Every structure is written in structure tokens, then in C-alpha cells.
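Both of the next two complexes hold chain A, though its partner changes from chain B to chain C.
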Partner chain A sequence: MKLITAVVKPFRLDEVKDALKSAGVAGITVTEVQGFGRQAGHTEVYRGTEYQVDFVPKARIELVVDDDDVANLVSVITEAAKTGKIGDGKIWVTSVDSLLRIRTGEQGPDAV
Partner chain B sequence: MSLTSTRQHLLENTALQGMAFSDRWAGEVDGWLTKTFETATAGVSPEGLALVAVGGYGRGDLAPGSDLDLLLLHRAKNAPAEVAEKIWYPIWDEGLKLGHSVRTTAEALDLAADDLDTATSLLTARHLAGDSELTDELVQAAVEQWRKRSKRCLTMLRNGVAARQARFGEVAYLLEPDLKEGRGGLRDIHALRWAQMARPVLDAADPEALAAAERVLFDARVELHRATGRNNDRLNLQDQDAVAAALGTDADGLMADIAHAARTVAWIADETWDRVGAATGNGSSLLGWRSRSRAPGLVVKGGQVSLEPSADPATHPELVLHAANLAARKQARIARSSLDRLAARAPGPGGPDGTGPWTDDTRRGFVDLLATGHDAISVIESLDHVGIWERYLPEWSGVRNKPQRNVYHRFTVDRHLLETSANAAALVDTVDRPDLLLLGALLHDIGKGRPGDHTEVGMDLVAGIGPRLGFDDDDTAILVDMVRHHLLLPDVATRRDLTDEATIALVAAQVGDRTRLGLLAALTEADSLATGPAAWGSWKAELVRELVRRTDHYLAGGDLAALPTREFPDERQRDLLAAGQVQVSGVDDVLEVVAPDRPGLFARVAGVLALHGLDVLTADAAAVDAMAIEQIKVTSRFGSMWGWERVERDVLAALENRLAIESRLAERISTYGSAGARPGLPPATIRYDDAASKAATVVELSAPDRIGLLYRVLRAFNEMDVDVQLAKIQTLGDVVVDSFYVTHLDGSLVTDPVVRAELERALLHAVS
Partner chain C sequence: MEGNTAWVLVSAALVLFMTPGLALFYGGMDRSRNVLNMLLMNFWCLLIIPVLWVAFGYSLAQAPFENSLIGGFDNAFLKDMTITGEDGGFGLLVVAFLGMLAVITPALISGAVADRMKFSAWAIFAPVWMLLVFVPVFKWVYGGWLYERGSLDFAGGTAIHVNAGIAALACVYVLGKRKGWPKEGQPPHNMPMVMLGTGILWLGWFGFNAGSALAANGTAIQAFMNTFLAAAAAGLAWAVVERIRDGHFTNLGAASGIVAGLVAITPGAGFVAGMSPIWIGLIAGVICCYAVGLKSKIGYDDALDVVGVHFVGGLVGSLLIGFFSDPDFFGTDVMAGIFYGGGAKLLVEQAIANGATIVYSFAVTFALMLILKATIGVRVDEEVEVGGLDQALHAETAYNN
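The block that comes next holds the complex of A and B.
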């Protein structure tokens, strides 16, 4: 089982959600976060001072999936979230040691 | 060709060093950006658009890890978003670090009016591509705005410099200097040049001196980036060898060169900012006063000590020390012109022909200067800068800028000596002879930096310096003894049993009398405080104090047995031993273990302590009948509080053979990494000290510090059936010195040479 975490532009969130549903994902978790990358949060036409680093609002999506689905879902998210401009975000994948569905007690891949 | 691969290519060309690299690299980037700009503006009128390099890149300083600082300047009201994107994206896609902005001239000037960083970045703006007239307009306007507000700008700069220096420390003296941000580093040079653009503030010879220093620092910075592959400006110990090799020198030479360059920059900076402060009315506002009786020929005004125009150093050589003393006492600088006059006209201290011994007045003046404490340091630095100090102490050239490249020492040798003397100034009330204390402190390491044992060399030098300064034979002998024994007290205090009369007798015999003892006690404290953070603490201070107390008592003819001594085991502990139960308890910083006596008991406990990140300071062991007791004083590297419950629990498990100490230690070592990879650590040594005690053999072991070292060493003792009764551990940065009072299991001394050799083998293996 793997955890896919994606940080994307907030206004792309609906696209990503719809695309994931179409791909058969049953559930996701979303949080509002802030962040910056190499561009220090500055837009292309930034006119402020050089040494200031700004936070930009983003949306973080997390979902636990089967190992086999990782590659496909990563590209689904990428396509839905991408605008081609700076600030599109990043996706990373980590391993999940164990998973449990609270209501039923199912564990492991059954709980995905 | 990709810009990053160009950079990689240039990096691999190791003949391209320092500024040469920067010039080539900046040239490549300029060309690439010009082409990119052309592509970005294809089909768009390039008028009213300019790509400008600002900040460091504008200057042409591009170290491998440096950012590109770019400004897209436009005349029209609307920002040229499309053009901007076509320039920035390729740079981001190359993976290069970019500081970018898009502004009109007016916007840039507005921002510069309030933000110091923006204002200074524009001062070095350089046209890259597009409308060069537009760029010229900006640069001219920016410089003029800077000049018009020179007073405000200079004040802001000055405050910024002070804040930055306080944060980043010195470049000249520190073991691991920050070449860019530290005091005497690259930013200081930039700040001085920006100041000069506001108003001429530098002396005529300064720009050249700054340029020379900049070459040294910038070369080192480029090679540092090259060696580490990162944009790190702090020259760490482990990188110094690589950087030095790349520049064709050795690490000591490199650090000495850097120290010299940084010192020059710091000197010029101090002078300049002082002048600026006085001119802008922000300097230390000392009302000018003139006091003929206290300091004839000298004036204090505007935070500076100056020679009166009529004063002639040639006929009044005492002016040198008078000026220095006055400056130190008033926390002022000696005016540059006066320093130059003193340097040019004052003869050396050795009388009219310069070779005789010092007069009493000269010596007194010199000692008085040292007695002002830390305020004397910058004054002495000034005197050294113009060559006056060396007339008083020619031997100083051996220690100037000498690095001490290990984690134990913070400072270069010369700075260490000045700091020791300054610390000693606070202790003059504790000794009979303040003059000997201060001079002994100043000279105690004067032998470093020359071939041979630094103590021996130092003693020889001081034997010559004493008479030159006008001291009689007795006083010179004391000074020489101070050099000879300057490490005696801390070493004995931390490595020997202070309750053993043999220890005290030995120290007393070496020290000789109570005057010397007092001087050495003060010197020990001053020296340790000036060494580094690990060199002094309440534990060590307590031990030294105890040693001094006992030795003083002994030298006064007192009976050591009359002194209160900590009995081990005491009554409570003997009761525990008699009770025959296993008992493990930790209170404050002492762990007490009572358990059936068996080989390996101490080793196990030491192993558990290592697992919990606790370092042993001292340990006592004793056995009565079949029960043994260990009393261990510990300290932690990870803070002053720790929980004893988990330690006690693990000790109990270890005693019952339920703890896999070996494998857990290995795990811990791999988690914390092996610090034993540090370069230049001395090899492990073993020494037997047969004079230290009558009841036990003292084995002194010096080795690079490692997790679990004590555990392995104790296991080695076990293997040889050697019993450890007392252990004292002294950690000197990366190296530990462990002293063990040992006997055979039957209590006899370990004297057989064959056994000793085998024991040495086992111990050296344990520490490797």
C-alpha cells in the first residue's frame, strides 16, 4: 500500500477530485496548506524586494492506494492539476505500513 | 548547450579558480541570457525593455552556488508578462536559482528608497540586453538617489553591518568561519564599497587592500562551493583540506591566509564605520577633553585618541603605551593618522638604541594595558596592524593568524593569547603578582606554530623575553614555570585521584611554592575560558579548585589527612553492601549500583550509560566481600535533564544478562554516524604513570572519542583480569583522555612488562 500526497493549486482541486473519481478512487483527504518552491512564492511579474519569501495558498490531497495503482493515479493527478505555470506543485509517494478501516475492522488492502 | 552542463564543465576545469571561474561563468551566463532575451522579445518591440543584472551578478561575482539576480526593466505602465515568462521559465527549467523582479525605473527607485537591500543591489546594476539607455537611466538615478540620501544610507548600512557581524561571528579567528557574512568577510567588503559610493569614506590605500583580501576570500568561497557542491559559505573543518588542496596550499596555510585577509577587512571596516559614525553623528559621543596631567600629548575626541600636533613620539616613546592605555580605558580607537605617526617615529621599547631592557615605566605601561581586559584587544590589534606590537614582542610573528584546527579550540593562537590575558585581567585580585599573571597569560602559548613541543619552545622564548622586559632572574623563572606548567592543574585535576596524597605531593613538587600555585590557578581558568566552550565548566572548575585547595594546604605545611575528604564507600553505602541486595539508583547526576561482585560489572553499566547518551565524568568502584559498588558521575550531551528510570531499568536488565549491549551500541553508532572520520586526529596512546599512586597503577589512555568507547575499554580490562577502581574521563573536543586506577584482581600493581604490553594491545584495539 502506498500513500500519494499531492500539493496543488487550490483552483485545480475540483478537476483533480473528478479525475480521481473517474479513475476509481474511493476516497481522498484534502487539507488547506501554504507553501513555496524555487520561485519563493513570487509570480512571473513580481516587483517586490528580492529577499522576501512569500507563502502561497495550496491544497494538499492525500490518498492510500494499492501498489499497482500508483503509477496511473500519479499521472491522473498530474494531468488534472497542471497549468504549465510556476506553482503547479509536487506529488510524492511513500509506503504505508498498515491500514485499518475503523468501522469494520478490515485491515490491509481490504481497507483501501 | 544547457547552462547547467556548461557550469558543470567549468567546475570540472580545476585550473579555473576563484575570480577566473567567476569571470568565465558570468560570461557564459551573460551570453545565454542575451540569446534568451532575443528569443523572448522576437516579434515584440525591444524598446523600453531591458534585462539588467543586479546585486552580486551585476558585480560579476558568480560563485558556483550563487543566485542570478535579474531585473526586467520596462518603460510602459503594464508589466511585460509574456516576455518575462519567456525569460524566467528557461532559467527555472535549467534548475538555476533566480532572484527576479519586473519593475519600471520609478518603481525600482521607490522600493530602493525604503529597502536597503534593493538600494544596494541597484548600485551594481549592469546592462545585459535590450534598451541600454533605459538601463543607464536607472543606474544613474539609483546612484544619485543613494548619494543624495548618503547620511541616511550610511547609517542604515552601518547598523546592518553591526547586526550581521554579531550574528555570524568573526572570519579571522573562528575555526569554521562564514566567508560571506562573518566579520571581515565578503559582505563587509561590499558594504564598504557601497558606503564609498555614497560618500568617499575610505582611505587612499584601502581599496587596494580590500581588493587583495577579496581575492583570497572569494577564491576560497568558489573552491568551497566546488568541493561541497552546495551554496554553503561556512568553511567547515572537514572541507578545509579539500579547499586548501584546490588552491595549492595546505589547510593551515589556507586558514592563516584567510585570517590575514579577514583581519585586514575588519580593520578597515572598523576604522571606516567609526569615521562614518562620527561624521553622521551616530558614533560613540565622547566629549573632547584634554588632560595634561594624565596623558600629556594626547587628546580624546569624537571617540578617538589622537596625538597632539606638538607631541613627538621620537623624543617621547612612552606616548605609544600611553595612547594605547587611554584608548583601552576609554573604549576608543587610536586615530589612524596618530597610529601612523607613532609607527613611523616612535623607537622600540628597548631604550634609546632599541636593544636594552625595558624601563620600569615601559613595563608598567605594558602591564597596565593588559590589565584593562577585553578592551585592550582591539587596541593591541591596531598596534599590530601598523607594526608597533611586534617591536614589543618580535616573537608574536610566530603566532599571528596561526590556526588551531580542532573542535576544542575556538580561536587562532594569537587571539587565544589575547583572550587569555583579557580573562586574566579579571583575576588579578587573586594573585600576588598581577604583572606576572598577565604576562604569563599573554605568553603561555607563544611557542605554538614553531617546530617542536610548544611548551619547551615557549619556555625557551620566555627565558629570553623575561630579561628583555626588565624582569629579574626570579621573576623570569616564574614566567618560565608558568609556561612549563600551564596545563598541569587542569590535567591532574581531571585525570588523577585528588584524595590520593601521592597526587598532591607530585603537584606540589612541580609547582614549588604558593605564589606559583596561585598564578597557575588563575592562568588555568583564564586559559580554559579562552579555549572553547568544552574547555571549562562548573565540574572542571570544581576539580581544579579542589586540587589547588589541597596543594596549597600541603605547601603551607598542612596535613592532608586533616582535610575533609569524601569517603568511598561511606557509611550508607557500606550498609547497602552488607545488605547484599541489588540496588540501582540515579540521583541528580550520580548513578549508584550495588550488585554481586563479578567481572564485567562496570563495563555493563558503562555500556548502558552509553546507550542513553550519558558520558561518564568519573567513576569509583569498590568491593566488600562478595558485593561491589559503583558510583558514577555522568553528564549528557543532549541537555541537562534526563530520566533515570529508563537507565535504571536497563542497568538491571544488563546485570541479569538480559540486555544485548553490544548490538544496541552498534545501532546507536549507526544512527548517530561515525564522527571518528574527522581528519587530523592524533592516534590513540597509552601511558603508564607509576608515580601517581602507591595503591594502584595509573593507565592513561588518549583516543578519538566514540560512542561506547568506555564500554569497550572496560571489557578489554576485564579480558586481562585487571580491576578498575577509579576512572576519570576528560573530553577535549574530539579526543578523550581516560585515566584508570587499576590493579590485578588480588590488588597488586600491574608492573609486569609482558602483561602491560598485552594490556596495551587490548586497549588500543578497543579504541580503534
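The block that comes next holds the complex of A and C.
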């Protein structure tokens, strides 16, 4: 089992969600996050005074999947989240030791 | 007579609404951790000033009319102000209307001291300032020595905006800069709140200016029209300057310009006509837009630009009466401005009236703040300033989610 974590532009979140659903994913977890990368922040001007905003809002998507599905789902996310402009985000994959569905007690790949 | 009563009743209620409007205007510009402190500084004026106004304030500010420096106690505690007199209670209504002005004048100062003043110090400052500074200046301008000299102030450009604006400057010099200013950015936390407050202020200002005619007559109509036009013109000017200078049309620029225009037309609302309010608005909008930048150049931390908008806007508007005053519309007892054949005499009187107000208000406010600083202290601890005034001073937080 693998945990796919994707940090994407918030306005692409709906497309990513729809694409993952179409690909057969049963559930994802989404968090509103902020940070900076190469896109850095932006500048706001109030009454002529500039304020540097260092953190940019992003959406973080997390999902646990079977090893066999990782490559496909990463490309699904990539395709849905991509705008080609700076700040599109990142996707990383980590190994998951154990997984449990609370309601049924199912464990491991059965709980995905 | 009934018409006058009806209009001034409505106007007084409109002016009352300006103080909550001002609270939202300032509160939205403030930071989320201090917004409730800002609102309460304004609402505090709504609690304490009306009580003091009917006790001593009105009488000292107005009666007897012949006094040129300060009134007396003829009408203290509403003595002789009843609805059974010859005026049918109109005098009592004027006490209420002017009381609304007395509420908002110290409230204007709150924007300058944002983020760092002890609430206990503000709780004392606001009413004492109203009695020691607002009341005498109000008397000078309306019935006192400045009035006798011929200077004009229709609804309170000198008595209210220049007065409170220069007092705000005195306050921030005693109070000191906010931690981190000007290096750390402190942008507005809720711009929609600022825009709502601006709308409420504009609405209320029709009562403020047109109500200051104290009658339902042509002067009220002209003051209403002037209030409408000057605010629009100044908002337009400020927004366009920002678009050219900084690259964007902004909400805060539009809102600030509207308020600057309202301030600037206040002194002349009942003395100018025709296209004059548009010129006054455009001039005030451009000048105030640049004036708010002075604080970082000179180094006084006027948090929400009370000096740049109210002092500068009020001063510009008051001096411009010296050019635009038009007695053809408002009667021959009013001096004409330079553009209407009156020469520079009125402009000189406007300068004297504002000069006297600036010196008196700054000196007394500075002394009052120094006394408060030496006794109860005027500034919160650094820990409170960093952690937020709402939680530390009021045991409340604005946003819980």
C-alpha cells in the first residue's frame, strides 16, 4: 500500500477529484494548506504600502492506494492538476505500513 | 416647522449610525486579533458620550451663545430643554443631533491608536478629550470667537475632523509605534467589512451634512447634493491615482477616497454649490491619497490613517471654502470665496480658525496623553500586543471556527 500526497492549486481541486473518481478511487482526504515553493508569494498594496504575502494557499490531497494503482493515479492527478504555469504543485508517494477500516475492522489492502 | 423637526430627527438617527459604520470601517482595516478592541473603542463613545453630553457637554459647547471661549451651565442636565417650551422641543432635538457629532468625534481618533492602546486609558481619554478639546473648539467655531471673525464650518470640518485628526497625531506621538512597524506588514483583515462601513458612513453623512442645516430647506438640499458628489469625486480621484501609481484599482482606495471626500465637503457642504463639490472632492481625493504616505516618511505610526484622511481632508476642505464659498446661494452674511469675488479675506479666516484648532487640540491632547501615560499607562504589554488585544483585554475573540 502507498500513500499518495498531492499539493495542487486550489482551483484545480474539483478537476482532480472528478478525475480520481472516474479512475475508481473510493475516497480522498483534502486539506487547505499554505506554503511557498518556486512560485513564492505575492505582493498586495494597501493605500500605497506594499505588503509581501509569503505563503500561497494550496489544496493537499491524500489517498491510500494499492501498489499496482500508484503509477496510474499519479498520472491521473498530474493530468488534472496541470496548468503548465509555475505553482502547479507536487505529488509524492510514501509506503504505508498498515491500514484499518474502523467500521468493519478490515485490514491491509482490503481496507483501501 | 414640522418638516424641520422631521428632517432633523431622521438626520440625528443617521449620524448615530455613523459610529458603528466607522467601527466597521476601522475594524476591517485592523488585524483579526484586535478587531473587537477597535469596535469597542468606537462603541465606548456611544455609551459614555451621550451621558456626558446632556450633563455638561452641550451646555459648555453652546450656551450661552454670546460667550466666545466656552459656554456655561445654563443648560446643564437639560435644564430648560423641554418639549413644552415655545420651540416645541426643537432645542432638545438639537441637543440630540449635536450629541451624535460629539459621539463620533473622539471615535475618529481610535483608528490612529489601534493595536496597542490600553482600553482603560481609552475609556478615560475619550470622554475627557470630548470635554476638554471637542467642547471648547466646538464653541469657538459655532458661536465663539472664530465664528465671530467670520470663518465658516458648515458641519464640522474644523471642529470635528481637523480637531480629531490633529489629536490623533498627538496621541500616536505619546503612544509610540506598533511593534514591528513599519517593517512588518499589517494589511487589513476583512476588506468587505471596510466596504460595508464605508457605505454606512456615506449614508450617515447625509444626516451629518444635510442635517446640519437644522431645517428642511434649500441649504439642506444643497448640502445633500454636495455630500453625494464630493464623496464620489474623491473616491474616483483616489482610485485613479492608485491605478496609475500602483497598477490596480483597489477597494481600499475607493473606500478611502469616499471617506476623504465626505470629510472634505463637511466644512463647505452648506456654502458651495454647482460643480464646486466635484472640484473639492477631486482635490481632496488626490491630496489625501498622497498624504497617507507621509507617516512612513516622517515616522509616526498613525495605524489606520486618521491624520492622512481626517486631518488632511478636513483641512483641505476647510481651506477650499476660501475659494469656493458662494453667498449667492446662501445669503449675504456669508463671506464669498476667491472664485466668487470675495478676495482672500475668507481664506485667511479659514487658516486662522484651523491654525487655532490645530495648536489647541494638539497641545491639550498631548498633555492629556502624557498625564494618562504617567498615571495608569497608555500602552499594553508587549505580550498582549503580540497575542492580540481582543483576548487579553476583552476575553473575546472575533472569529471562532
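In the analysis below, the second predicted complex is superposed on the first by the 99 of 112 C-alpha atoms of A that agree within 3 Å, B and C clash if a C-alpha of one lies under 4 Å from a C-alpha of the other, contacts with A are read in each partner's own complex, and residues count from 1 in each chain.
Here, a residue touches a chain if its C-beta (ideal position, glycine included) is under 8 Å from a C-beta of that chain, and two chains touch if they have at least 3 such contacts.
For clarity, every value in this text was computed on a predicted model and none was experimentally measured.
Touched residues of chain A were counted for both chain B and chain C, and B has more of them.
With both structures placed on the common chain, the touch criterion links A:F11 to neither chain B nor chain C. Contact with chain B, but none with chain C, is seen for A:Q39 once the two complexes are overlaid on the shared chain.
Of the two partner chains placed by the overlay, only chain B lies in contact with A:I86; chain C stays clear of it.
When the two structures are aligned on the shared chain, A:Y51 is found in touch with chain B and with chain C.
On chain A, the surface patch touched by chain B in one complex and by chain C in the other comprises residues 44-51. Residues 38-40, 42, 44-51, 85-86 of chain A are the ones touching chain B in the complex. Within the complex formed with chain C, the residues of chain A that make contact are 44-52. Contacts from chain C toward chain A in the complex involve residues 182, 185-188, 242, 245-248, 250, 252-253, 256, 289, 292-293, 296, 305. Chain B makes touch with chain A in their complex at residues 55, 69, 79, 81, 84-85, 88-89, 92, 97-103, 107, 111, 115, 117-118, 121.
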